[in-house]
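In what follows, structures are represented as structure tokens.
In the two assemblies presented below, subunit A is common to both, partnered first by subunit B and then by subunit C.
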Partner chain A sequence: MASFILRRLIALIPVMAIVLVIVFSLVRMIPGDPAVTLLGPGATQGQIDALRAQLDLDQPVVLQFLHYVLGLLQGDFGFSLKTGLPVANEILTRLPATIELSVCAVIVAIIFGIPLGVLSAVRPNSLFDHVTRVGSLIGVSMPAFLLALILQLVFGTMLGWLPVSGRMSSFMTVQPVTGFAILDGIITGNLYAAWSAVQHLILPTAVLAAFLAATLGRFVRNTMLDVMGEDFIRTARAKGLHNSDVVLNHGLRNSLLPAITVIGLKFAEMLGGAILTETIFAWPGIGRYMFEAIKNRDYPVIQGTTLVFALMFVLTSIIVDVLYGVLDPRVRHRMK
Partner chain B sequence: MNFWKGFAAAMVALPFVAGGALAQNADQQKTLVVAVPSDPVSLEPGTNKAEPIGSEIILNVFDTLVAWTAPDFTKLEGRLANNWKVSDDGKEFTFQLREGVKFQDGTAFDAAAVKFSLERTKASNSYVKATFDLIKDITVVSPTEVKITLTAAYPAFLSILAQPQSAIVSPTAVEKYGDKFAANPVGTGPFVFKSAQADTNVVLEANPDYFRGAPKLSTIIYRVIPDASTRRLELESGGVDIVQQQGQLSAIAAEDIGALKENKDVKVLETSSQIIRQLEFNNSKTDGPFADVKVRQAVAHAIDYDGLLEGVFGGTAERVYGPLTSNSWAFNPKMKELAPKYDVELAKKLLEEAKVDPSSLNLKLYSFQGPLWGAVATFVQANLADIGVNATIEQTEFPALRALQTSGQFDVALDGRQPWYNDPDAHITIGYLSSLANTAMTFRMPEDKALDDLILKAQQTPDMEARKQLYFQIQEEIAKRVPGAYLFSPKLIVFARANVEGLVVNSAPPLNEYWSVYKK
Partner chain C sequence: MREIITFLRHNTLAVVGLVILLVLVGLITIGPSISPYTPTKLDILHKLEGPSFAHWLGTDAFGRDVLTRIMYGGRATLTIGVGVVAIAFVVGVFFGMLAGFAGGWIDNVIMRIVDAILAFPALVLAIALAAAFGPSLQNAMLAVAITLAPQFARVARSQALSISVKPYVEAAISLGLPTHRILLRYVFINGLGPLLVQSTLALGSAILQTASLGFLGLGAQPPLSEWGADVSSNLQYVRSAAWVALSPGMAILLAVLSFNLIGDSLADWMNPRRRSELR
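After this line comes the complex of A and B, so read on.
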């Protein structure tokens, strides 16, 4: 197992190198000069030229690339063209918010999605099954911005139960320790802040989780239906095993494997930042940071965030592979 | 069962209990929450590039020597300067400074700090190079007197001194924090910078020792909310107190303005801006259809100006009669009569006189992106169709449009400009001086010695009244040349909770000061 993980980690290097080259060149192919964009419609030519020179944008692209790679090797992601702040640091301050939201969404989605899928599969074509299927169809097809808007309107503006947006009440601050708002609130003993963070987390989590839970529910239902028709299920029943034992230990365990791939992929996507959800809920995560950077043609930030995103994706897929091994003895054997 | 009932009740009650405790925790009555679409780029006057959010915070944390006086902004008032004198040749500006003013770090404000701040901006800010390079020398005459000498007469310099780049910084704090000054800005202003959290908020606290008197608010929180519909929901639910336009970005979608006017918890403050949006011709082009002034006139008469204001803007924009907006101190009232009137027959006749067959004109109408520009372009397109001219709309991303314009590859385009310093120079010199034709933001005027000389003379004449007369003349001269059709000037719109009082909406620069704001 250890050597398997090590091999996968080494394979990460060429992948990241390729991503780096592609991102670096693609970003520079987007039409539009960062200096023009940054200065806005009021700028004169003299102001634009001066800024280009100041940002080294007048240097040849190959030189810019070498300069960037040399910096990366020393852990230097460069400086934002817009704010002049170090990109690595800016990413690190935003990553916890994204991770917090993604982890909560995945947990909620698993809690709701998998049982719903299992129950639907156990009693196919029952009323429960139909309701769940229609519900999950809505969940999958409803655009995130629409669901977000409805939730904000109902729970935020009309009922006033939950905050419309943000990560914590404006009137509270928490000394950042880990960067995770709830955790920091608890660590520093500021329980009001922690509670406020929980309240702020509910709506964006619901939006992200709704889609994932619906996807997961449909997926688990389908694979469960297949698995429940297999010979070994009949054997299990013939052995006289209790129904719940058959469903959970034999049916679900075998259906979970493909579901883990789905969860892993979606989780990796969320870690890259749920741009829409983060924007609508004013969530200070990495997706919004990347989106703003693309709009501003902020080259070092686009490069930095894309690299982190790629890294997250690859790491998550390694974790998924390892989990396969944990759950399935056949896979574990092959890994050796 | 009983346990679960109790648990559920506790879960429902907790938010309210906690919420009540919070309300007592922070004095919300004295806290103003302002929604902004993104973080400030920087709180450093020395490198400020007229980015709206950072600039506004700078003007609330720092002071400038002078500022334009609310509510109509036609007069300058002293801030850190008590009074000032301009020499007869218009090159020397002598300021008597206010005594006893202290920076927020406790150090004293004096003439040396003025010299330090302005020289610092001159050395580090490429954005204001054109105007700050005019500074030849800054002399500390005494701790309360400072003399600035320019290389050439430039009366608009006083307006430049009211800009965020000219804010006076604490030299001691700059020395202490070095390149971290932007994260620890220290000025003399009504509010003290407290904290900033990436993509979340910037918090300012009242400066109790402010020389004009302590502000009525205790705290300002700039909350970053990138999405326009979320800003609206937060305003309606009371999560924020103010949502404002930031520079040229609209704060709330135009169609929502009507709905918010109906809401009694919200008030909509509107004020005239100095923004001009126009349909401009490529005036340096000598071969196209628009080389003939009659064709340009025809187009100017084809536009239904009032219809555009009502139909597309529903009253959130105003008429522009010429190269300056009617709220400028140099606006020539005669322009109201001289401005072209909507007259389809006259437009057709002018085309006939110019011997131009309208159906032979196949125009590409370039425009910025976004639904609002799209609506304006469609309106203009329909107006042109009424005189038989066919135009195709090309909505282009901003940097690409700018590139097309500076290289002169267009016949007509929609364009516009928001001046940041309150002086006619901001519209006239950059827009119409022929030597600047090939740079950004101009009307690409052909060489025209008479007009050029007039523009330069107006730019450099120290006497305000004489200057005003020169600008009157320039406006009439430009109107004769019909460099474009002046379409509209969008109003500056600020949405506030009904209990917010004392806010003065500033037009140039479009940045608000919160010193006088309070909540009822």
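After this line comes the complex of A and C, so read on.
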């Protein structure tokens, strides 16, 4: 198993190298002299030179890249042009909020997506199947910001059931232990804070999960239909097994493996959606941090957050590969 | 033509998608000439009015007719969608076909670059690129096209791989036809089907992503009307006058949904096993 993970990591090196080149190039893609563009027309030559030095633009490109990569390896993501704070620290303090939100969204999407897919596949072309198919297509086509607005309007403004912004009520604080608000609330015994965190999490989670649940439901339905046509299903039925046994133990188990890949792949798209969702719900994660950096043209922050999003995606794809190995006896056997 | 009619007869959802699309296209092409309003004419006396006979979808904070702005915004949004997919198609298919047909190190280099672009969440990369290029509609289109091209490259490559070993391609090679002609006349034409399905589905994501960039202020700049930008510029009124922000958002949903309904049905139709289920 360890050698399998190692081989996967080695295969990632060329891809990560190109990823680094792309992220590195972001500042260099700014039209004209980036320092002049960023400082605006009123800047003095001294200010321009200082910014060029800060962004490392006064060096040959190859050296700039080497500096950048060496810096990254030491955890140096540069400094924010707006606040002057180290980007790596700023990202680390915001990362738990984004992870908390996206992990909850994945769990909710699995809880809703998979059963819907299975029920559709059990009765293909029934009314239920058609309704879930249209529902899932609407879920995939829905702009995250539109769903967020509708939910805020209905559950926040009209019904007043749920909070629509932030991570916790403004008059509550919780001692940060892990950085995950709910967990910290429970650990420190501050259950009111934990409950407030749960309430604040519901709407943003729903927005992020909708897209994934829709994709997952549709995918599970199609894979299930393919699997249910296989010979071993007919054998299982011929043995006289109960219908639920056939569907769950023979059909679903064989459909779940490809679903894991889809969850992994779509997780990346969901992270993109996190930028919109976090911005609308004022969720203090790295998505909102990136949005603020864009408004302020704070390029070191844009570079840092872009890289972290890519890293999160690449890590997910490794986890998916390993899970595949753990769950599929054929892959496990090949890995040995 | 007969193939298209058979397809539509067996795919109610594709028909629904087509109808939504035709209504939207009709609205944005004929609508502006029928509407008594212009998208930029201010009328402060009638600002933030609810839907009425005079203003079917109400008015915005400057008294501009929301429906008229949606009609003009749709021109921008749909043109952007088609433009983005066209760029992504040409670039992606060119490099994908080249990779699949040439093989060897060319294939390796192209596909590693494709992998690297796909290692970013598409919207994150589009946002980062659009921010680097500077906020404008053209730059947003370019940024989204860059994130969509790898998908076309992957499909085109697999098509090129399977088609380039077919006897008719071998015959063309042994006849000494130049490579670009073989690629265009044999490999590209015969691999077009899956690429068209990919294009329909990509149209949906292209519109969704460019609208998201517009929403974040990285796409169309005012006073140009674009659906994503129109939602965000009216956000502050969402509690008092929901229709102003929600209407352009619903328009995005309908446009993306229409392409996804058609693309999804096409993808099912291309899959022999699924097709037998539909008939």
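Everything below uses one rule, namely that the second predicted complex is superposed on the first by the 284 of 336 C-alpha atoms of A that agree within 3 Å, B and C clash if a C-alpha of one lies under 4 Å from a C-alpha of the other, contacts with A are read in each partner's own complex, and residues count from 1 in each chain.
Note that in this section a contact is a pair of C-beta atoms (placed from the backbone, for glycine too) under 8 Å apart; a residue touches a chain by one contact, two chains touch by 3 or more.
Here the structure is a predicted model, which is why all the values come from computation and not from measurement.
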Which holds for A:271: it touches subunit B only (first), subunit C only (second), both, or neither?
-> second
Pick one for A:279: touches subunit B only (first), subunit C only (second), both, or neither.
-> both
Please indicate which partner A:19 is in contact with in the superposed arrangement: first for subunit B, second for subunit C, both, or neither.
-> second
Thinking of the overlay built on chain A, is A:232 touched by subunit B (first), by subunit C (second), by both, or by neither?
-> neither
Is A:302 in contact with subunit B, with subunit C, with both, or with neither (first, second, both, neither)?
-> second
Touching A:172 in the superposition: subunit B (first), subunit C (second), both, neither?
-> first
Determine, under the contact definition given at the top, whether A:36 touches first (subunit B), second (subunit C), both, or neither.
-> first
Both subunit B and subunit C touch subunit A; at which residues?
-> 31, 37, 149, 152-153, 157, 279, 297
The answer for subunit C against subunit A in the complex is residues 13, 112-113, 115-117, 119-125, 127-129, 131-134, 204, 208, 211-212, 215-218, 228, 231-232, 235, 238-239, 242, 245-246, 249-250, 252-253, 256-257, 260-261, 264, 273-274, 277
Per the touch rule above, subunit B residues touching subunit A in the complex are 14-15, 18, 21-22, 25-26, 28, 31, 33, 38-39, 41-42, 47, 49-51, 126-127, 129-130, 195, 197-201, 203, 221, 223-227, 229-230, 233-234, 236-237, 239, 247-248, 397-400, 402-403, 406, 416-420, 430, 436, 438-441
In the complex, go through subunit A and note every residue touching subunit B.
-> 31-33, 36-48, 50-51, 54, 82-84, 90, 93-94, 149, 152-153, 156-157, 160-161, 163-167, 169-173, 192, 195-196, 199, 279-282, 284-285, 288-289, 292, 297
Per the touch rule above, subunit A residues touching subunit C in the complex are 14-16, 18-19, 21-23, 26-27, 29-31, 37, 124-125, 133-134, 137-138, 140-146, 149-150, 152-153, 157, 222, 225-226, 229, 268-273, 275-276, 279, 290-291, 294-295, 297, 299, 302-303, 305-306, 309-310, 313-314
